[in-house]
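Letters A, B, C and D mark the chains in the order given here, with residues in each chain numbered from 1 onward.
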């Protein structure tokens, strides 16, 4: 039996975005998490905050229509929603450390069963790219991760203990992968929802660290 | 009072001595003082410590400005203090990183918010502060931490600089600056941390009294030198001037 | 998202419980949230800790707003944290001071810059910082100091508050605020330090999108409640609306 | 021989203001020091900074012409000079502690021969009024005092050691009184200039703490 691929990256983000509550201030990390800004929020209003001081940005600017002085933290040209505001970097991170961000969604190389995670330095690298991740990880009220279940080498990213340098300790609440939705509990990873077409055995085989399974185990909500 | 307006970036950076600590505004290419950077490369000061968010501009941007890789290539850089010492993806390249990995340039890796706050502290006469950021990580190994209200925090020191190179959208002759959009980023913070601030300005520098005092982003108290950026091809202008609909 | 606009100051302060810590913006009467203060006096919450520059408005101003003396008179105040616990001249009087001198109200006297910085630290997730201010004075007796680069500094703790009452000139429906002139003072700083910010606003509250994002002084992230100040005589309006020539 | 009164308060400030250099940022305390803003600076440009975040204020507003949202730290309605800017209180004091103020001129109850001074709490008072004085005293590059030589009770304000709680230690550089201009040196008060019509003996009698006298001793420069 070959492994199922599970959710697309956009589906992963769609599911995470269902957790966002009306009025939440959301900061999205580079990579997969940026797809959260494409989700349909219905009548929930989400305020997107970017480390470079943009509060209330909207969809990506259409080509030819960019304000060339305005990007999000990922360097993408964005639009502003009505009610947006700009602040400088110290004020932007004051908001982050000061607890004004309801959730940050970050990518990660590894997440441990105790909520530690690592996303700034790969094994064997001399340098690293911290950016705003360490501030977001300790400052945001909720830290969610969006990541593939396995590394390119086929190793689990959900592990007992991080092998590479961590970004923060014990902060992760929720993890979405292509295979399912996991909550960090005091008993390790709790599989709350499973991706359609994925077998539980695959998840068990591809998860390091302690895994418990919700009972009943619904498939990942996609709408 | 002596005019703060300089005729060219070359003139504005002419006297910067070897060994200076220089902060560069900008977040990726947006708000980065590319013309001053290029003038500094031509001026040739060596043994520099460069403080900035990232030693590399984002590859997402169509007209990426030169980054401090050009200073590394000319052997002008001793050390970089920044939030990225490696590209965020394996597929990316970064001129600075080659010099760093070979030990030709030193680096101090600092979380972005801590970098901003250390600069702010320097400008605010605060020698040190505590932050929750980086507690429990490799960056905190061997360093002083302390508990307040049951939570652990790391002691961080102010980061004063000799010069700050900033990029502004508008200015007046007193040195008051306004930024547009996310161009603001580190620029106002670095301006407070520096003994000498050099601003490259996109629009014509206004006479005094023509900027609303309620809407100044960086006050002229902080700014000693200003240069209006020349248009391309003489000036390096990675970010086109604002359009009529702005 | 729920509207942040409240019909009256009374409604905006209705649920404030006894024992709250409340910061009041304003520097003397300028920028002071006089209407919210009066509503709080009528609401009657007790055992309050009040954080503000001075418990008394300047006698220089022609139409002085009520100061927190009115809360002291009603027995609502447990403690005041401020930069003045006595008038600056013997000839002046201060309602608060009578209660303080008799031991009916506690006070913590804090240098003005330290007060601003402790509030800013609370908003910025900084639990403590060092400052040169007050070293060697009565205020530093028995407290922790430390040397950095050969100079002595005093450890100061963040000062978070439950509520901040602020006064703004303009607002939009998201809660973005602009201040005019020296009305700004402590208002933006206190807004960052509070869990709930209540703003009294002088002009009509604009629809979203009508305020330039580059020119917001306090972002709507910090503001939960807003009240347009009614004109006199219902509203307490110590500061006349701006004139046409502004 | 009855004592000479010496300089008027405006004359005291006029003399101090001669020390201000072109381009200096100046912060004036309550009371006598506010008179420094009335001085003639010729072609020197002076930028007045006020604790409440006003940078570059000008003369007092004419009656009927006040901007009712704009006062200096003394609560006086002021005008703005071209190039003025407004900041909030934390930024204003960041400038003060950060060394952006070239000189603060403060009033004082007492100044000691070692440069300590006291201006926030009178003897026997329970409370006090610190305001921005402690921040200015440690943050400004120069601390000048403008004060009467004697208290209302006829006691010297220039003393060996402050008897009341100090505002800051060892920071005062220059003191103007109605009787003369004093510099704080490692040998105590150095009388640099004497007010016209005042006898040296009067100053000696009315100064506590160690006094040295410049030789030659010019009269206070008034223009």
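Methods note: a contact is a pair of C-beta atoms (placed from the backbone, for glycine too) under 8 Å apart; a residue touches a chain by one contact, two chains touch by 3 or more.
Worth saying up front: this structure is predicted, and the values here are computed from it rather than measured.
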Set of chains adjacent to chain B and to chain C: A, D
Between A-B and B-D, the pair joined by more C-beta contacts: A-B
Chain whose Cα centroid lies at the greatest distance from that of chain B: D
Approximate Å spacing (C-alpha centroids) for the pair chain B, chain D: 37
Euclidean distance of C-alpha centroids - chain C vs chain D, Å: 29
Whole-Å gap between the CA centroids of chain A and chain D: 57
Junction residues of chain A, two or more chains touched: 86-87, 90, 93-94, 96-97, 139
Sequence positions of chain B contacting 2 or more other chains: 117, 120, 124-126, 131-132, 179-181, 184, 214
Chain contact graph, described as a line, ring, star, complete graph or other shape: other
All touching chain pairs, where touch follows the definition stated at the start: A-B, A-C, B-C, B-D, C-D
For the chain D and chain B complex, residues of the former touching the latter: 22-23, 25, 45, 47, 49, 55-56, 80-87, 90, 93-100, 139
In the complex with chain A, residue positions of chain C that touch it: 1-2, 120, 122-126, 172-174, 176, 192, 207-209, 211, 213-214, 216, 219-222
Chain C partner contacts - residues on chain B that touch it in the complex: 117, 121, 124-132, 146, 148-149, 151, 153, 157, 178-181, 184, 214-215
Partner chain D, residues of chain C touching it in the complex: 27-28, 30-31, 53-54, 58-61, 83-88, 90, 97, 100-101, 107, 109-114, 116-117, 119-120, 131-139, 169, 179-189, 217, 239-240, 242, 246
Interface residues, chain D side, partner chain C - complex: 30, 50-54, 67-76, 86-90, 92-94, 96-97, 121-122, 125-135, 138-139, 165-169
